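Below, each structure is written out as structure tokens.
What follows is chain A paired twice: with chain B in the first complex and chain C in the second.
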Partner chain A sequence: MLFKKRAERLFMWVFFPLALLMPMFLEQNEYYVNKLTTIMILSIFVMSLDYLVGKCGLITLGHAMFYGLGGYLFVILAPEYEAVNFWVYTFYICAISAAIALVIGLLVLRTSGIYMIMITLAFAQMTFYYFSGSIDYGGTDGVFVYVKPETSIFGLSLFDLDNPTHFYYLCLLSLFNTLLFFKVLVRSQFGRVVDAIQVNPGRTTALGYNIFVYKLMSYVVASALGAYAGYLFTLQYGFVNPSMLSWTTSGTALVMLILGGIGSIYGAILGTITYEGLHYTLEHWTEHWMLFMGGLIILMVMVFKKGIAGFLEDLLEKRDGK
Partner chain B sequence: MDSTLFIVQLINGIQYGLVLFLIASGLTLVFGVMGILNLAHGSMYMVGAYLAWYFVQHTGSFALSAFISAVIALCIGVVVERTLIRQLYRRNHLDQVLLTIGMIFVFNALQSLLWGNDPLGVEVPEALAASIPLTGIIEYPVYRIFVAVFCIVVAAAMYYVINKTRLGMLIRAGESNREMVECLGVDISRLYTIVFAIGVMLAAVAGVVAAPISSIVPGMGEHILISCFVVVVIGGMGSIKGAFVGALLVGLVDTFASVLVPELSSMMIYVFMAFVLLLKPQGLFSS
Partner chain C sequence: MENNVILETEGLCKYWGGLKALDNLSLAFHDKQLHGIVGPNGAGKSTLLNMLCGHYKPTSGEIIYRGESISSIKPFEFARRGIGRSFQKTNIYTNATCLENCCVAVQRLMGGSFNFFRSRYSQKMLDDIATKALEKVGLAHRRDYIASQISYGEQRQLEIAMVLATSPALLLLDEPMAGMGHEESQLIINLLNTLKKEYCIVLVEHDMDAIFELSDQLTVMVDGQHLVTGSVDEVREDARVKEAYLGQGDEVY
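Up next is the complex of A and B:
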């Protein structure tokens, strides 16, 4: 069975049906549909980070680089006033991001621990400043997307990307697929080796596995999915700007991760919902929401390390025990 | 680029590098001794600049403000180490990153709560407001030279403390073997508090001296933090000597890049860092 833990199954049964029905409850209230769509997109991004940080132990503070690249690659590649095919560009963007991740991974993964944190950050800052300073790509203002892609496959067009509800379902589907993909990856032979590297890199090497290759592959896959999330974000809001690449994007994603529960994959969704929900509530209440958010983060790290997913698991395990 | 302009840029680069050293030295010291990566280190630089602005408004004296700010920073350092950082010694890097990100949130919120989000400025103190003429048109402000000299004095003092005093001996011992130092009867937790507080104070003092020559804006801490990361990575984590060389290199690369390739200037230090890492993955002076 793919979902072993009770908490996971409960989450799958509650979250996805609810998410499917949500647009009906919201009765086409565009603001909330858009907000939820953003949460789906961010969840994909955070989930790809969770795979790196939680499963592979590769702590990066530069994941936003790929998020931003997803958006920038689209505006670089696609013609300005012509609708391109969504799926074809999905492939292009993921493939090119993967290639970039391969090159950067070769450099970054030579280091580990604190060094890796700082070097990933530095690469992200490099792209941030590159796009902030480039006249061709609008500097700090970024670039607008005038025409959204069409989504036909073999003449069949399922989604109209200009329609917020359609876009919502596209993102939900992407999120569902991402979740399944990572679950399968974690349970596959590849995932087992990655697990083994976490437990004991020396022994894994002795068993004949090239652990660098496994780390690099993980980095490439997670980066490509991060780029996909950035691509969706750019399509949703119709623009891309350097703030997507900024280190606060990476930092916030890490915060979402700890809220949800590191290493649980589905916790990424819980964390994103919690963070965005809190942000929304606090921001309406006080201009100094960061004070409370900061306090919460500190509290989480200190006493509540396992996040919401961990809390759920503990709760349901206890019931099992009785 | 004629020779006068070259000299001006050279001094600018060195001066900027020296300010970076002041901040990066605290970062690398805390990492070297305690193994903590403090992302909120840049926030201390910001706090220093804001405190300087606040006290100059109220006392009118720059020197007095600098002194008060340094003392306050020292107190902040002690409190933060005793309450938060202490919890991190036995935790992994991820916890360090997350906790200090939380601290950044808090410091930024406090800054906007206490001082608002408008850019602020501190006037150059009167005694140092003059300029030295270099040629007919170009002159160089005395204050910038003062900043450079001040940083060199601090660097020399640090060198002296670390290499010649009892405290420095303990710091060096703590770096190489924590357990052994504890076994010898040294109160290591007090040592850690002192080191962290000194690190915080160095960053805040850098904020104070940089206040008159830069604008005081929200987010200034994060910006400088990332430049300091580059310094520390180039120099080698935990090495003060490395931080000094790294800071000067970064200062010079940044200054000359903004003259020679203005469009790409902000990213040049990162390119430079990647280049250094290709040759020496552990930095120039890794311990």
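Up next is the complex of A and C:
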């Protein structure tokens, strides 16, 4: 069984049907559909980070680099006034990001812990300053996307990306696939070695595994998916700018992850919803929303020690025990 | 006897700065024999094991495995060539079941570790081989227990099972009986007595009774240097060994 914990199954049965029906409830309210779409996209990003941090033990503060690259690669590669194919560019962007992650991973993964945090941060900041300073790519203003890609496969076009509801469903489908992919990956034979490395790298080497290769592959996969999320984000808002690459983007994703529950995969969605929900509520209530947000996050981290996912799991297991 | 040498060291040295942890050590380890290594604390026993399994690189000298120098290969390649290692401090996956612990070991042999999609839980053959390794050390009844929940002695047995599951030719065991009660030690002694019929075992141990009982060859080390190698009886009678362990008798107290 892919979803072993009761909390996971509960989440799957509640979240996805609800998310599927959501646009119907919101009918013509484009603002909320867009908001939810962003949550789906961020969830993909946070989930790919969770795989690195929670499953592989690779703590990075530079994941936003791939998020931003997803966007920038699109505006660099795609012609400005011509609709390209969405799926073809998905492939291009993921493949190029994977190649970049492979090269950077070769350097970054030689370190661990605090050093790895610093080096990933350094790489992300390098790209951040490169794009903020580049005239070709709009400097700090970024670049606009004038024409959105079309999504036909073999002549069949399922999604119209200019339609917010269609775009919402595309992102929901992507999120569902990402979740499934990571769950399968964690359960796989590759996942067994990744688990072993996280718990006890020394033992795993002594059993004959070249642990560097496994870390590198995990890094490449998670980075490619992070770039995919950035690509979706760029298509949604029709522009890319350096703030996507900023270290605060990485930091926010980590906060979402910690809120949701590190290492649970589906917790990434819970964390993103909670964070964005809080953000939205507080922002409309007071100008000093960050003050309250910070306080609430501290409180939540103290109450839910293993994140919201961990809290749910404990709750349901306790009920099982009785 | 000379022709079944599996592993040899030639002039092996390890210096930590100015400290000679291991100085010019030349030893030969034979198949289907248990080679005991004893010596006072700081004699360089663990350093030697750490080099034989690739954990440390020698400062100079060679490690020759089946006639080929392996001093410069990567640590994980030692295990791939059949050099299995148990550590002084129990080194297992404490969060996983005993079966899963062994499965990690077996999977390295069976392949499939780069398969992103095939479930690790549907590998019957892999599970069977892992179970056999557990049976070999007498842990079959703990198969589905989480490794952190079994006793300390059993964890040591589990570690040996994991090493066996990689089907090694050579076992490097670093104090497998450390911290064990008498009965638990006896279990390990019995186990090693069976295993030495199949494998070459290098055993570092402080329990003298155990090592005298088990060893076919015994090496005594002092201060990073080789003192004497021979059968248990030869070593027992050797004047230099008595001197190293008991002192010359002319110190002024």
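In this text, the second predicted complex is superposed on the first by the 317 of 322 C-alpha atoms of A that agree within 3 Å, B and C clash if a C-alpha of one lies under 4 Å from a C-alpha of the other, contacts with A are read in each partner's own complex, and residues count from 1 in each chain.
By definition in this document, a contact is a pair of C-beta atoms (placed from the backbone, for glycine too) under 8 Å apart; a residue touches a chain by one contact, two chains touch by 3 or more.
These figures come from a predicted structure and were not determined experimentally.
> So, on chain A, is it clash or fit between chain B and chain C?
Because the two structures are overlaid on the shared chain, the partners are seen to fit without clashing.
> Quick check for you: in the superposed arrangement, does A:293 touch first (chain B), second (chain C), both or neither?
So A:293 only meets chain B here.
> Between chain B (first) and chain C (second), which does A:207 come into contact with in this model arrangement: first, second, both, or neither?
It touches chain C, and chain B stays clear.
> Go through the superposed model and pick first if A:59 touches only chain B, second if only chain C, both, or neither.
The answer is first: A:59 touches chain B but not chain C.
> Between the C-alpha centres of chain B and chain C, what angle is opened at the C-alpha centre of chain A, expressed to the nearest 10°?
80
> Would you mind checking which one, chain B or chain C, touches more residues on chain A?
Tallying touched residues of chain A, the top partner is B.
> Looking at A:301 after the superposition, I want to know if it touches chain B, chain C, both of them or none. Which is it: first, second, both, neither?
The first partner, chain B, only.
> After the two structures are laid over each other on chain A, how near do the C-alpha atoms of chain B and chain C get, in Å?
15
> Write out the stretch or stretches of chain C touching chain A in their complex.
Within the complex, chain C touches chain A at residues 53, 55, 74-80, 84-85, 87, 91-96, 100, 103-105, 107-108, 112-121, 123, 162, 166.
> Under the definition above, what is the set of chain A residues touching chain B in their complex?
So the residues of chain A in touch with chain B come to 53, 59, 61, 107, 110-111, 113-115, 117-119, 121-123, 125-126, 129-130, 132-135, 247-248, 251, 254-255, 258, 262, 287-291, 293-298, 300-302, 305.
> Going by the contact rule at the top, pick out the chain A residues touching chain C in the complex.
Answer in residue numbers: 184-185, 187-193, 195-196, 199-200, 202-211, 214, 217.
> Considering the complex alone, what residue numbers of chain B touch chain A?
Within the complex, chain B contacts chain A at residues 31, 37, 84, 87, 93-95, 97-99, 101-110, 112-113, 222, 226, 229-230, 232-233, 237, 263-267, 270-271, 273-274, 277-278, 281-282.
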